[in-house]
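Below you'll find a set of structures to go through.
Both complexes below contain chain A, partnered by chain B and then by chain C.
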Partner chain A sequence: METYAAEAAKQAPGYQPSGERGAALYSKRFGVSEKMPACTACHTETPDQAGRHAVTGKAIKPLGPRAEAARFTDAAKTEKWFRRNCSEVVGRECSAAEKADFILFLTEGK
Partner chain B sequence: MRHILIPFFSAAILALPAHADRLPVPAGAPPAFAAECGSCHLPFPPALLTAPDWKRVMASLDKHYGDNASLDEKTRRELEDFLVRHAATDRRKAGAGDPPRLTESAWFRREHREVPQAVWRDARVKSAANCAACHPRAEAGSYSEREIVVPGLGKHK
Partner chain C sequence: MMKKILVWDLPVRLGHWLMAGGFALAWATGDSESWRLVHVFAGGTVTTVALFRLVWGVLGSKHARFASFVRGPRQALEYLKSLLRFSPQHYTGHNPAGGLAVMALLLLALASGASGWLTYQEMGGEWLEELHEFATGLMLAVVFVHIAGVLVGSLAHWENLPRAMITGFKRGEPGEAISGQRRFAAVLLIGWAVASAWWLAQ
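Right after this comes the complex of A and B.
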């Protein structure tokens, strides 16, 4: 998260990660993808809970690091899934600021 | 519904040919196999599709059943080689459509012909490719009939 926060601060001086913005991003219905309109489509309203892939039905371990300690510990994996899921669900890449907000929300709550 | 299915299942068991109880992922799978092919769905046993069909799947990862599952070329190649090396040689698994779906092969359809339509549409199943919905030990490569538990119908009889 620090890496994303630092990058965001470089782009917009004074940037501070916000769990509240992260929560809004997490639950926002983008509606770009019919089957995956929001993060919650697969990861549920409660990120500390196990989820299920909206298309394949496969079980997904909780996204929240409080429930699944390995989450966001592997930078390459984190970036890969932001890339894939942002383009799928949000319809574009997510910014460094959004990623830092998102991780802060999942780690510490709003 | 169960009372209708029991005689149906029993008759079908007698009629079934040799079962594919074990469909393990072969040893020596590249680590990327579980990581890349097993995050959104079960890492499917390579023996469920033929080599030409696997090549077709791996040639269009940017349009992977509605998802962009692109990989860097080195990983893509490595996974394709692994899949092709262990692909099905049984022609009943050939011709799984375009794009190929392992659930469309003659073999798959025959093995699952007793499954009522409603089961495929059940929210707990979602997709015919969700093997683990009814085969609880699918991830371990075990598809024994004794283990089958169909959502809404219970254990296979």
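Right after this comes the complex of A and C.
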């Protein structure tokens, strides 16, 4: 999270990560993908809950680190899933600011 | 006297194009969650065709059998040198370098399929996912080498090798021809590949 926040602050001086913006991003219906219009399609409205893959029906461990401690501890894995899921659900890459907001929301709430 | 003779039986040709198509589709859908089932089905098809090919490499017609085309690196090198000298050695079936590519692709398909399926079932850890990506990346590299080899071979022997993999017919001595298409085995191949890939995607 700190890495993304630092990168975002470099791009836009004065940037502060916001759990509120992260929450908005998490529940926003982008509607780019029919089966996965929002993060909540697979990860449910409550990220501390176990999710279910909208296409394969497979169980997904909670996304929130409070419920699943290993989340966001591996930088490469974090980046890989932001890359994949942002391009498919949001329809574009996510910015460093969005990523920092997102992780802050999942870690500490709004 | 070289004539047009039947060299590749139907299971060899069908299997080849199922693997090629399956690999392309699986590669294109690898990063996508909405295409995840298609990815697993396509990759599963590549894997189950490769498994069939192992059996067919023993039970298949003459030029499909591993014993007829799997050679060591020395002979592969000899063949490549003969290409450079512009006096290429002619093989009715796979040349020794092509044979190595066939084996590499089959083994990589099995490694990629096994690690991919285990990842999909969430058995084993991150390393299986890494292995899946590594094996698949390496397989793509061998695919390009294979395609380059086929192009060079086609020019060197002045014979359309991709077309031979469609029709089954190549230039060769009449005594080298295989006796039939092995249609029954081709039906078995399709049934097996589709059914087991479907099962793998569940």
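Note that the second predicted complex is superposed on the first by the 110 of 110 C-alpha atoms of A that agree within 3 Å, B and C clash if a C-alpha of one lies under 4 Å from a C-alpha of the other, contacts with A are read in each partner's own complex, and residues count from 1 in each chain.
What we mean here is this: a residue touches a chain if its C-beta (ideal position, glycine included) is under 8 Å from a C-beta of that chain, and two chains touch if they have at least 3 such contacts.
All figures in this text were calculated on a predicted structure; none of them were measured in a lab.
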- Task: Based on the superposed arrangement around chain A, label chain B with chain C as either clash or fit.
- Result: clash
- Task: Mind telling me which of the two, chain B or chain C, contacts the most residues of chain A?
- Result: C
- Message: Tell me the contact category for A:A6 with respect to chain B and chain C: first, second, both or neither.
- Response: neither
- With the two complexes superposed on chain A, say which partner A:R84 touches: chain B (first), chain C (second), both, or neither. both
- Task: Considering only the touch criterion stated at the top, classify A:A75 as touching first (chain B), second (chain C), both, or neither.
- Result: neither
- Message: Contact-wise, after the overlay, does A:H53 reach chain B, chain C, both or neither (first, second, both, neither)?
- Response: both
- Please write out, lowest number first, the residues of chain A touched by both chain B and chain C across the two complexes. 35, 53, 55-56, 58, 84, 87-88
- Could you please specify the touching residues of chain C with respect to chain A in the complex? 31-34, 36-37, 40, 122, 126
- Note: in the complex, chain A contacts chain B through residues 35, 52-53, 55-59, 84, 87-88
- Residue set of chain B touching chain A in the complex reads 40-42, 65-69, 124-127, 129-130, 132-133
- Item | In the complex, chain A residues that touch chain C | 33-36, 42, 53-56, 58, 74, 77, 84-85, 87-88
